[in-house]
Every structure is written in structure tokens, then in C-alpha cells.
Amino acid sequence: MELKEILSIIFISSGAFFMFVGSLGLIRLPDFYSRAHATSKVDTLAIILVILGLVIYEGFSVNSAKLIIIITFVALTNPTATNALARAAYKFRLRPWFKKNKSKKRQKKNELGN
Amino acid sequence: MHMFFIYVSVILSIIIFIPLYRVVAGPTIYDRMLCSGSIATSSMVLILMVGVIFDRIDMFIDIAMAYSCLNFIGVITFAKYLGTLGPRRKNGT
Amino acid sequence: MKRIFFKNLIIQFILLLGFWLLLSGHYDFFHISMGVFSSLLVILINLRLKRYFFYQEEIDKTEARIKSHFHVGIKFFRLLYYIPWLLWQIVIASLQVAYAVLSPKMPIDPSIILFKTKLPCMTAKVILGNSITLTPGTITVQISGDDFVVHALMDVSSSGILSGALPEQVAKLYEKKPGQVVSNIKIIKSKVNI
Amino acid sequence: MERKKDNPIVSLVSRTVSPFIMLFALYVIFHGHYSPGGGFQGGTMLAAAFILIRLSLGMETSQLQFKSSWATPLGSAGVLIYFGTGLVALLFGGNFLDYGFIPFTGTVAENRSIGILCIEIGVAIAVMAIMVSIYDDLLKGSPDD
């Protein structure tokens, strides 16, 4: 095997791993806003990694330039779509989930912030 | 290398089923929309993988591009509709 | 003013033509002339909308310049530094979220942060908003005027905003030494205040 | 018109992205005989780009880009292009839509290619105009445009 193929295998499998983590986060996290974290960041990174792996596998050609255009498009639109949904939920006054037992340290921080 | 792409696409098509649980059981409609968007991005990657397996990636890239455009527009449409609902009332969701 | 708008149009035409040449694999006279025709058609369709928003933004920028001496345009050399930095931040962010998801105890502690910024125009605010969504543990929930509403997943993750590192990076795209960018920070951790 | 209910992120990103979606749609229309796609798919993508602008900027501002009153004439023109190409073939001695008989300057194969292109442009214009007009009619009189 060449170096090129090994690199692309590493990139694509780490991308698949992050995609798995993102999907698992959608199940495990407690409320809508924290699920949005999983889909906006982890999925974007997963797509970037998988497509970079494909670019390395394809080599220098027209197809890899098109793949880089797809990366740009996804990196621009994925956070935008998440933000649009989050704003709709905020306007609807969907309440976020907060941790229940507050320690004293955190209350201090809260006062400092105010 | 060819076998590797087949394995990856099998794994991806299993991963796609995980967010489907939220689409069915999600407590609010926002969760359902979020998870269907996530499914769409995963299947875009799957389309690219299938393109590499069949050795026709020039054709499948166009399909993936159109798919991601329409996914974006679909989520924006739904967010716009949900944004017109206004703040929720005191009792009930 | 008119000259800047014309320059913008030419830049957009070059971008669109490059995009067409990438898409179509055929480089003969017929297909390239079709590409020129399509790019001109797209520019013609969008011309009135583009002119409208161009003048809107010019007015905003002149106001900002009078108020706080910001520069007009974005600096492209600074962008070359900013994009790799952002990519690295995305990697850190995903590792943090992956750690939070995979560890069995789930060490998350969400909070909502409200703050005010001082950025020159809408484009800068949108760049800041999308960067916040992509960087460690925070998503932008709402932008209205200068006020941002941000949801943070963990205590560690919101430190980038509280210390003003990320908004400063965005402001540096426009000016060399921005002053205090973030002000009026407010952290909410209970259900009462929403 | 920065309206208060608009989302600034969505409006700026969709204004940046929509010309590229439009160009991609034109590419799908013009390269229908090499790669997947054709008139119908390209017309739908073109309509999607217009509808994206309508969604993010509101009905009033997006009239600057594509007026609602243009939709019906453009749709009729698209159907007319389609029907006219077929009719010309019929007049020059072939069957309806038999592109080989259309008197363009060129060999029969080239004539076929150009004829198919005309048909696809007509279909695309008709589909685009009708999609946008359906969207406009659904939102007519609504306070949240």
C-alpha cells in the first residue's frame, strides 16, 4: 500500500468515527440545544474529514476541486441551518435543560457575571 | 482499498439508523427536524462513497451537491415555519 | 461608490465563471460561451437585489466609521490566518463534545450567555455568529442588533467568549488593534430568567 | 429593509449562496445529455434558489429579484418554446418532436443535440415559473411572508 492510501484510510475512518459520535450524541444528550451542539460541530468535522480523505485518494484533479467546493458549502450552511432551528426554538420559548444541584462556586461566578 | 470503501459504506448505513430513533420518539418537533437534517448529511457522505465504489464519482458529486443544497433549503423552510408560531402559551407545549 | 460596486460585480463574475469551469468538464468554445452566458444571466437576475443591499451596507459602514474608526473592507491576508485557526478550533470543539458524549457520566453543565459586541457591519456579526457555532461548545441562538444570545454546553467551553478571544479575532479581520469588543456579559443558569 | 423578524445569519448566507445554486441549476440544465439531470431537475433547483431568497428576505424585498407577476407569462413562454420546437419539426416533414428534421445548420446528430437543448430550456423555464407562482399563491395575504 502507498502512503496516499494509508492517509486516506486514516482520514475516512476518523470521519466515520466522528459521525458515529455525532449520532450517539443526538440520542444521549438531554435537550434540544445540547443536541444542536452534536449535530453542528461534530457532523461538520466528520464531513470535512471524510471528504478530505476522498480528495487524497482522488489526487489532483477536477473531481477533488469539486469535493473541496462541497466542503466549503457544507461548512457554510450546516451552522446556519442549526442556528435557524435554534432561533425558532428560542422564539417559541423552549426552555433549555440546566444542571439541578448548584454548588457555591457556581453561584459566585453567577454574581460576578452580573 | 475497494473493500475498505464497501465496509465504510455499510457502517455508515448502520449509523444512519441511530438518529432515526430521535425522529420517531423526539419530544419536540425541533428535535425531529434536527435529526432529519443530520440523516441528510450522513446520506450525502454515503452517496459519495457509493460513487467511489462504482467508479463514477464525477456523476455522484453532482448528485451530492444538489442533495446538500436541497437539504439546506428544506431545513431553512421548516425553521421559518416554526418561527412564525410565536411564543408558546402558559399550559401545553 | 459606483466604482466599488462595479468591482464587486467583476469579482462575482470571475467567481461564477470559475465555478462553471470546475463543474463542466468540457472545455470547447460552445460550452465556455454557454458558461459566460449563464454567469451573466445570474448576475443580471441578482443585480437589483445586490445593488439594494450594497448601498444599505455602505450606509451602515459609514456610520460605524464615524463612530469608532473601523476600516471599511475585510482584510484578505488576515483571512488566510483566520481560516486555519478556525479549523483547528473545530477539531478541539469536536473532541470536547465527543468526550462529553462518550464518557458515561456526561459532564455537561449548560448555560445561556447574553452579551453585547462592537462590530462594524452585519457581515462581521454573521462571521462571528457562525464561528461561535463552530467553535468549542457554543452555539449562537439569536442575533438582534448588537446583542448576542449564546448557548454553552460546558463551563470550559464558554471561556473563549468570556475572555473575548474569539470576537477579537473577528474584529482583527477589520482593524489592527480593536479595543474592548465584548461588554455586558450575563450568564444565566436557572429557568427563571428566560 | 432589515426587518426585525428576519434572521441576519440566514439572510446573509442565503444571499451569498443563492447565485451559486442558480449557476449549478443552469449547469444541470445545459449538461443534461452528459450527466444526470435535465430540464425538470434544473428548473426545480432554479426555483429552489428563488424560493430561498423569498424565505429569508421576505416577499417585499425579493420582488427586486423576481416579480410575482412575471411568473405566469414566463410559464406560458416555456410551454410555447416546447410546443414550438415540436411544431417546427412537424412542419418540416417529421413527426412531432422529431429533432432531426429541424433545419439548424449542421449534421443530423448536431441538430438533434440542439433540439433537445431547446426542449430542456423550455421545460426548465416552465417548471421554474410554476413552482415560484405556487409558492407566491400559497403565501398571498399572509402576515408572515
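For reference, chains read A, B, C and D in written order, and residue numbers begin at 1 within each chain.
Operating definition for what follows: a contact is a pair of C-beta atoms (placed from the backbone, for glycine too) under 8 Å apart; a residue touches a chain by one contact, two chains touch by 3 or more.
Everything quoted here is computed from the prediction, not taken from an experiment.
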Next on the checklist: Looking only at C-beta pairs that count as contacts, which pair of chains has more of them, A-B or A-D?
Outcome noted: A-B
Next on the checklist: Can you compute the centre-to-centre distance for chain A and chain B, using the mean CA position of each chain? Integer Å is fine.
Outcome noted: 13
Checklist entry - Can you give the whole-Å distance between the Cα centres of chain A and chain D? => result 34
Next on the checklist: Suppose each chain is reduced to the average of its Cα coordinates; what separation in Å results between chain B and chain C?
Outcome noted: 24
Checklist entry - What is the distance in Å between the mean C-alpha positions of chain C and chain D? => result 31
Next on the checklist: Quick check: what residues of chain A touch more than one other chain, meaning two or more?
Outcome noted: 24, 36, 62, 66, 69, 73, 76-77, 80, 82-84, 87, 91, 93
Item to check | Sequence positions of chain C contacting 2 or more other chains | outcome: 19, 23, 25, 129-130, 140
Checklist entry - Residues of chain D that touch two or more other chains: which are they? => result 7, 9-10, 13, 17, 20, 24
Next on the checklist: With touch defined as at the top, which chains are paired up in contact here?
Outcome noted: A-B, A-C, A-D, B-D, C-D
Item to check | Residue ranges of chain A touching chain D (in the complex, touch as defined) | outcome: 73, 76-77, 80, 83-84, 87
Next on the checklist: List the residues on chain C that touch chain A in their complex, please.
Outcome noted: 19, 22-23, 25, 87, 90-91, 93-94, 97-98, 100-102, 106, 108-112, 129-130, 133-134, 137, 139-142, 149, 151, 153, 185-187, 189-191, 194
Checklist entry - For the complex, which residues does chain B have touching chain D? => result 58-59, 62-63, 65-66, 69-70, 72-73, 76-77, 79-80, 83-84
Item to check | Of chain A, residues touching chain B in the complex | outcome: 1, 5, 9, 12-13, 15-16, 19-20, 22-24, 26-27, 32, 35-36, 39, 43, 46-47, 50-51, 54, 57-58, 62-63, 66-67, 69-70, 73-74, 77-78, 80-82, 84-85, 87-89, 91-94
Checklist entry - What residues on chain D touch chain A, complex-wise? => result 7, 9-10, 13, 16-17, 20
